[in-house]
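Pasting a structure here, questions to come.
By letter and in written order, the chains are A, B, C and D; residue numbering begins at 1 in each of them.
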Amino acid sequence: MDMKKEKTTSSPQKKKSQAQLILIRFTKNKLAVIGLIVLVALMLTSLTAPLWLDYSKVTHQSVRESFQTPNAEHWFGTDQFGRDLFARVIYGGRISLFAGLVTIGIAFLLGIILGGAAGFFGGAVDTVIMRFTDILMSVPGILLSISIVAALGQGLFKMLIALSVSLIPRQARTVRSAVITMRGQEFVEAARTYGCSNFGILFRYIIPNVLGPLIVGVMMGLGGVILQIASLGYLGIGIAPPTPEWGTIISENQANIMYHMYLGIIPGLFIMIAVLSLNFVGDGLRDALDPKMKN
Amino acid sequence: MSEVLIETRNLKKYFPHKLGQVHAVDDVSLRICAGQTLGVVGESGCGKSTLGRAIIRLHQPTSGEVLYKGENILNLKGRDWRRVQTQMQMIFQDPYSSLNPRMSVKQLITEPLRVNHVAANKAELEERVRSTMELCGLPDRYDNVYPHEMDGGRRQRVGLARALALNPEFIVCDEPVSALDVSIQAQILNLLMDLQESRNLSYMFITHDLCVVRHISHQIMVMYMGQVVEYAPTDEIFENHAHPYTAALLSAIPTTDLSRRNRERVVLKGEVSNPINPKPGCRFAPRCPYASEKCNEPQNLTEIAPNHFVACHECAKQAGG
Amino acid sequence: MENLLEIKDLYVNYETDESVVHALNGFTLNVKKGETLGLVGETGAGKTTMCLSVLRLLPEGVSKVEGGSIQYDGKDVLSMNKSELRQMRGAQISMIFQDPMTSLNPVMRVGDQIKEVLSLHNPELSDKQKDERVDDILKLVGISPDRKDQFPHQFSGGMKQRVVIAMALVAEPQLLLADEPTTALDVTIQAQILALMKQLKEKFDSSMILITHDLGIVAEFCDSVAIVYAGEVIETGSIEQVFERTKNHPYTEGLFNCIPDLTSHAARLTPIPGYMADPTNLPTGCKFADRCGRCIDKCRQAAPEMVEVDPGHFVKCNQMEKGGSGL
Amino acid sequence: MIKYTLRRLLLMIPVILGITFLVFFILLASPGNVAQMVLGPEATAEDIAMKEHDLGLDQPIVVQYIKYMWNALHGDFGTSWFQNFNVMEEFSHRIPYTLSLGFLAIGWACVLGIPIGIIAAVRHNHMTDYVVTFFSLLLSSAPAFWLGMMYQLFFAQKLGWLPASGVGSFKYYILPSLSLGGGILASNARTTRTWLLDVIRSDYVRTARAKGNKESTVIVKHALRNSLLPVITQIGVSFSIIMGGSVITETVYAFPGIGSFLINAVKTKDIPIVMACIVVVAVIVGLTNLVVDLLYAVVDPRVQLGSKKG
């Protein structure tokens, strides 16, 4: 008898419901809570940006005010064309978060469909989908995205396609392995004994039990996508300028960061903070969802 | 003898394997009458769970027939199969993994009724779930309790209630009490026996524990590596068993009766052999103290006493069958 | 025969973020030299916690020994320092765990895992002598020595448990703690393993605590028995005294009634009503009170004391008198 | 072992054919007239037609693909459409740089990452564990190009310890490999820590303690080897991430690998270079995965080569 069996569950008086248990465990993880707060703050500021920061400030150039270090008027200072870095970073955030969410959304949905089908039905369906993901994963994701950008050219929509194509195989793989483990559980066999249809089993039994770890995967995945968007932006094959995007801002100012360090450091910090908070929340959520991690 | 509810004829179930075929269930013929319990006993890997799942078509059998009230159900489709399927249900060994963790007790028991659209309206559905829970000793304060909030014994009651919701006539019980503590085990066994009497249910009770099976079954079938070695009424198995494997099983069971403490024991040598592409004939031969050349030919069940079958030419000869 | 192991009034708790589990509540047990004691109890009764406390292998940070003492061969285990503990583990006291599938290191050869015990406790032996000792012990447990270079995954459950037994006995310990050694095995393999352990115990003249939830195993393989409920020993005595079933603790009696024994012909088993006592909020007084058919008010208030109903046969129940049956 | 390796090599061919056909199809089937781009805007109609004929663009895509692959098999990856130099020749200079940078980055990730993970696991729930987890998450959240720029800014330009860009003696490799391997170093540390924590709680580690072993021997001799298995798989996966990352790091440090080479080709849609890059990287990643699987089978006795599905 090891420790886990040693603790018998108590008599049937109402224990905390599952959601409350997860919440308690999540709030116990300080870093995760901070991550959540930062994430929500970032989301809110970039969502409500047009209300309190009109777009003109992003493109307004004035040579007189170029290269100002962060001051009262320009919180993050200005770049070589005198454009306000604060406005550009905030609007840049809108693009990164928006594109990230859309990409991870597409990858998540297609991942569930492909991964779910492969994991649940197995046999020919499984081999075909798995061989296809093997091919797509034989080359690093970013190379795949770059070749798609090379083919389709630059632009927000084209970049979304490029990124999701490189993400779908990984997502499908995770969903497939989660579904396969779940499919072997006895409660799925039980569902078959009382005549539950295949689709009924997939959507009422398997997907709900698989959602937990998948959401953690999406959190972490979103962090990765934001990094990729910034990287494509930096390489100059992301969203065409002058639309502000974190990666492009850094690459534009790369030449001047020797003497104007703030131009390089601040946008980079924003990316890191966004991805870091996503990882903290993902980490906290995984520990909260996984009852095994007791101490 | 009441009329036969379930009958199988030469039922076989082979699983594909890299190196060949695993003969999980090999040519099993059995009969279960209404209101009776057939105990299926054997060690791990003998195919007893596969047999139970093959009968209710959880695993599609490789060959042979399964007759429900005389009608072969293996290739029924659509409405006909659904009609028979609701008559046959199953309860599982592991109370922790046989209930969907995301569903409350009420939802778990309502599922079979909802899937088969059995209840005319919501009120009837509620009433039916209520009565089934009552039957299994689950008061209604359990309605929205989740599986992780209950211990093994109560979870097994929920599993039973879920199986009973459709008013089946036949339930396959796959080691339902093995994962439970002794004191809770007795509660579930008594519940199963009470339900059998009140609702004329028939069970196939699968277990590795001969004491438990003696207590609950009318007939017992001993299996070894997919083959039936002995099949007889309960007292026949315990009082005058014929097959050496049954003898070894019985002598290996520790008993609290001190007088039997230093009884003569039949301790088997060696281990279960490889189940892939087994040779014809008796698969117990390599470990059997009385093995002879003839054991390599296929053994068929010979009746050595009324309803007492044994698959061993040697024992049949000795018993003058 | 004086006692090899004396556990007196041991309290052990596990603190988790949700609640505190009282695993052992005044656990008292004595094991004489050369004796095989059967320890019977249901899930969560504290059997494994007892073994781990004796070997001081309780998980740090989570578990806490609240009180009581453990005396092994006159030495106080709880105050031993690290090196004394290391000398004791494996040489004086060794343990066989329940699940053979996970008790062996999957990436290390079987022979090396046994030899490791020798290099720890018999450094004076040369490498060749150690190999011979490993071959001898393997033969003793019924495994051909030429398999010692194989890995655990190449052995069946029963064979793996034989390796674990060889590992536990190769340094010839004085006390063997066997935590449900055969629960994970089939009944025919279980018979082989228990017969082997009995034979080896006699050969090395060591004492053994055999932990199980099966009274049948205790009846056939042990000299004396202790029944555990909710972290407390509630009855102890020789096999003959306890299995005579005349002066048992109500819980022991309940256990006897609900086991579907081979020889019993009862139409229905009489289960013990109610459910396991919840270790996170244990009742005051007798912990079995809620489930006990003969419970009286005294039981709910005062915690019962051990009463010696017969010489050497103790029962912890308020309604039992010294020497008399009382019930 | 050899039979298994041969089988894996054979299995790599369909995968490489698959990815190359996919990319070839995407690149050529896309809108916009490639010949027009090559000749520039003022090219006349028949110039474009003649150029298309030269490059064989007028034939059906499948035929072009077969021709391309046939040449590639013979090591001829065609000539660059814009600077018309032989692609293979240029690659043979650049591949060694990319490979050496990649292996050095993996080297850092293992030499630093794994020990850090071990320390974090052994000192679980202590300060060091929290510090390690925090910094490893920090490192893997920072974009690789920004990390590179920051190293460049501080260690090269401000402090002047190391060269900022270009290539030469070993010193030129330090900063690029550190920034390239940063993310992998973090995930190696995290994987080692998580798996070591899991293994420390397992039954056979408890058995090792019950034998009387010192805690340090238990960790090193029993726990560590079992927890390294998943780390080896992690390294296999991370090599393909490194190949991807090299595109970025080489651009930051103007490092003459195939990465920076690819970016310019992408901007100008110089198909032969992009294709060559895909083929080379697919082969490298395929080979490293094979090597990692062989290594895994050596370390873990339970893995029988051959019985593993391809």
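One rule holds in what follows: a contact is a pair of C-beta atoms (placed from the backbone, for glycine too) under 8 Å apart; a residue touches a chain by one contact, two chains touch by 3 or more.
This is a predicted model, so every value here is computed, not measured.
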{"item": "Co-neighbours of subunit D and subunit B - touch as defined", "value": "A, C"}
{"item": "Winner on C-beta contact pairs when C-D is weighed against A-D", "value": "A-D"}
{"item": "Centroid spacing, where centroids are CA-atom means, of subunit C and subunit D in whole angstrom", "value": "54"}
{"item": "Whole-Å separation of chain centres (CA-atom averages), subunit A against subunit D", "value": "22"}
{"item": "Chain centre separation in whole Å, for subunit C relative to subunit B (CA means)", "value": "33"}
{"item": "Multi-partner residues of subunit A (at least 2 other chains)", "value": "2, 8, 295"}
{"item": "Subunit D, residues touching no fewer than two other chains", "value": "125, 203"}
{"item": "Contacts with 2+ other chains: residues of subunit B", "value": "151, 154"}
{"item": "In the complex with subunit D, residue positions of subunit C that touch it", "value": "55, 57, 59, 61, 86-91, 94-95, 97, 99, 102-108, 116-117, 120-121, 151, 153, 164, 167"}
{"item": "Subunit A partner contacts - residues on subunit B that touch it in the complex", "value": "53, 56, 58, 82, 85-86, 88-90, 92-94, 97-102, 111-112, 115-116, 141-142, 145-146, 148-151, 154, 159, 162-163, 165-166"}
{"item": "Residues of subunit D that touch subunit A when the two form their complex", "value": "15-16, 18-19, 22-23, 26-27, 29-32, 125, 134, 137-138, 140-146, 149-150, 153, 157, 203, 240-241, 243-245, 247-248, 251, 262-263, 265-267, 269, 274, 277-278, 281-282, 285-286"}
{"item": "Partner subunit D, residues of subunit A touching it in the complex", "value": "2, 31, 131, 134-144, 146-153, 223, 227, 230-231, 234-237, 247, 250, 254, 257-258, 261, 264-265, 268, 271-272, 275-276, 278-280, 283, 295"}
{"item": "Residue ranges of subunit A in contact with subunit B within the complex", "value": "8-9, 12, 14-15, 17-18, 185-187, 189-197, 200, 205, 208-209, 291"}
